[in-house]
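Across the two complexes that follow, chain A remains constant while its partner is chain B and subsequently chain C.
Now for the complex of A and B:
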């Protein structure tokens, strides 16, 4: 005799509503508290201690000695949160953002403190320096 | 204090030589040149460490197999020690009444003559680890029935052993890094 042990379960389930989330028509399944999403980098808080460069297992950070900051490429991030835990000034933070697909692996949204921002920051430093000198002279 | 006191019982149990100590004594008696020590980690788990010369390596492995025909060969790990190549083998024996005796057999050979006897006739699984050693660190196993590569691709250079720390290891040119955009922008990889 053929045994069909799943038959009763299947018949019962046919009558039920599907238990799926119709993303993107609906919102995605809500993330839990302390979810590890995209890293956020607050440039102004960073003191350039290089701790994040040391702990990151994926080589996301490059230290910039001339401005004593770091630049990030999240294309490699494995969302382990070690950099956030080690950062002494809380310049790094994890967000809830997880819809990170892009067409370009070097996309702006996967980078923090890009070349342009670094140049701008350098200019700002220069201006501050000049302003200070002017203030001293007068 | 009564005999039922668990503290006294523990002390008495410790006076008896443990399984590990008995095995260590047996190895010392049979292989006087071997260095044998019983170590204990912070959770009280004991482990025997045996360091033997190349000549004693195979006889010791055979001896352990005779001691417990069910001996479990877990893993062999190769290591570059500078002037020498090391091989550490982990075995678990007498595990019928848990916990078994955990045992590490260490041996080393000079780099000019990196040859060890093959033990895959004693522990058949050893062949896999020996094949790995041969390709990864250039430690040859005399009499191994199969000396083909196991993990490295066929087009990998013959005279390079990835786990060597010396000039026979991986050179800078072989290492590839799929560029951080900041470094790429600056013209280096």
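Now for the complex of A and C:
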């Protein structure tokens, strides 16, 4: 005798509503508290202590000695949150964003503190220096 | 003759659409049974068109049969449609055409197996050997049941004995209580046979995706895969048609072309109901057996039940 224990369940399920989430039509399943999503980097808060470079297991961070900041590419990020935990100035934090698919590895949304921003920041530093020198002279 | 060929083309078009439609309904229902939403009902049509438009890759190790098999399989299945009872008498119904029917039904599977072993892939060869083992185990039970029913109907003094057309003149439920018991056993036999014919549930042995990577279909792609899928889907409908014609052949009397169309639609509804039990529900509630277990089950449970049913029906007819 063949037993079919699933039969009743299966036939009952036809009448029930599907227990699925129709993602593109509806919102995705809400993220929990303390969800580890995409990293946010606040350049102005960063003091260049290199802690994140030391602690990162994936090599996301590259230290820039001339501006004493880091640049990061999230294509390598494993969302372990160690950089956030170790950052003394709260310059790094985790957001709720997780829809990070792109066609381009070096997309803008996977980068913080890009080359242009670095150049801009350097110029700002120069201007500040000049302003200081002008102030000294006067 | 020319009208019969035109009718055959019409039947081919209709059965293609109906069988692919049932494949869609089947997927939808299995999805709902598992609390999923499932694909749209027309998904098999989209799959077919996509496969037909894809690049077809032929392995280096394949010989000419690899390309010929899918076409021969579809041709066999279309030829089989001319002998299939679909709500009315088969187009080419003649004395003893049941032999042709069974022959063509198994031949389609043989062509699939030939294509698989011509691909040169060891997985395909494993799948092909399983397919043959299952084929050899499942057909005797069906043959015995069908021949018994045919023999019983020929006792009524039909015009062409052992023709599938007899199924619409008389049926096995006319032979009194003995035959009803035998018929009940035959329902079990034919449902199991149909499940093993469409390779659902227990009998998903040759195309075991998780074990041997789709078995016979492992090297097929593009247009050939589309043809094979269509032929298999047609074969499903034909096998279910046989079951429906033998066990539940009731239609309505109606003259003219409308009668044919209405009977065809009634028959399609019955085929869908039979496939719902033998394929959809069976697929949803059972897992695969091992190939040895499947062969064992077919020989011990199904063939013996077929034997018992045949004897009971025979006794009912003789008395």
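The rule is short, and it goes like this: the second predicted complex is superposed on the first by the 138 of 138 C-alpha atoms of A that agree within 3 Å, B and C clash if a C-alpha of one lies under 4 Å from a C-alpha of the other, contacts with A are read in each partner's own complex, and residues count from 1 in each chain.
The rule is short, and it goes like this: a contact is a pair of C-beta atoms (placed from the backbone, for glycine too) under 8 Å apart; a residue touches a chain by one contact, two chains touch by 3 or more.
Everything numeric in this text was worked out from a predicted model, so none of it was measured.
Three-chain overlay on chain A, with chain B and chain C fitting side by side and no clash. Applying the stated contact rule after C-alpha superposition, one finds that A:71 touches chain B and leaves chain C untouched. By the touch criterion stated above, A:115 is placed in contact with chain B alone, chain C being left untouched. In the superposed model, A:106 makes contact with chain B only, not with chain C. Contacts of A:136 after superposition on the shared chain: neither chain B nor chain C is touched. Rounded to the nearest 10, the angle at the Cα centre of chain A between chain B and chain C in the chain-A superposition is 80°. With both structures placed on the common chain, the touch criterion links A:59 to chain B but leaves chain C unconnected. In the superposition on chain A, no contact is made by A:3 with either chain B or chain C. In the overlay built on the shared chain, the residue A:19 is in contact with chain C alone; chain B does not reach it.
In the composite built from the two structures, the nearest CA pair linking chain B and chain C is 24 Å apart. When both complexes are aligned on chain A by C-alpha atoms, no chain A residue touches chain B in the first and chain C in the second. For chain C in complex with chain A, the touching residues are 29, 31-37, 281, 284-286.
If you check the complex, the residues on chain A that touch chain B are 59, 62, 71, 73, 75-76, 106, 111, 115.
The touching residues of chain A, counted against chain C in their complex, run 4, 6-7, 10-11, 13-14, 16, 18-20, 22. Contacts from chain B toward chain A in the complex involve residues 177, 180-185.
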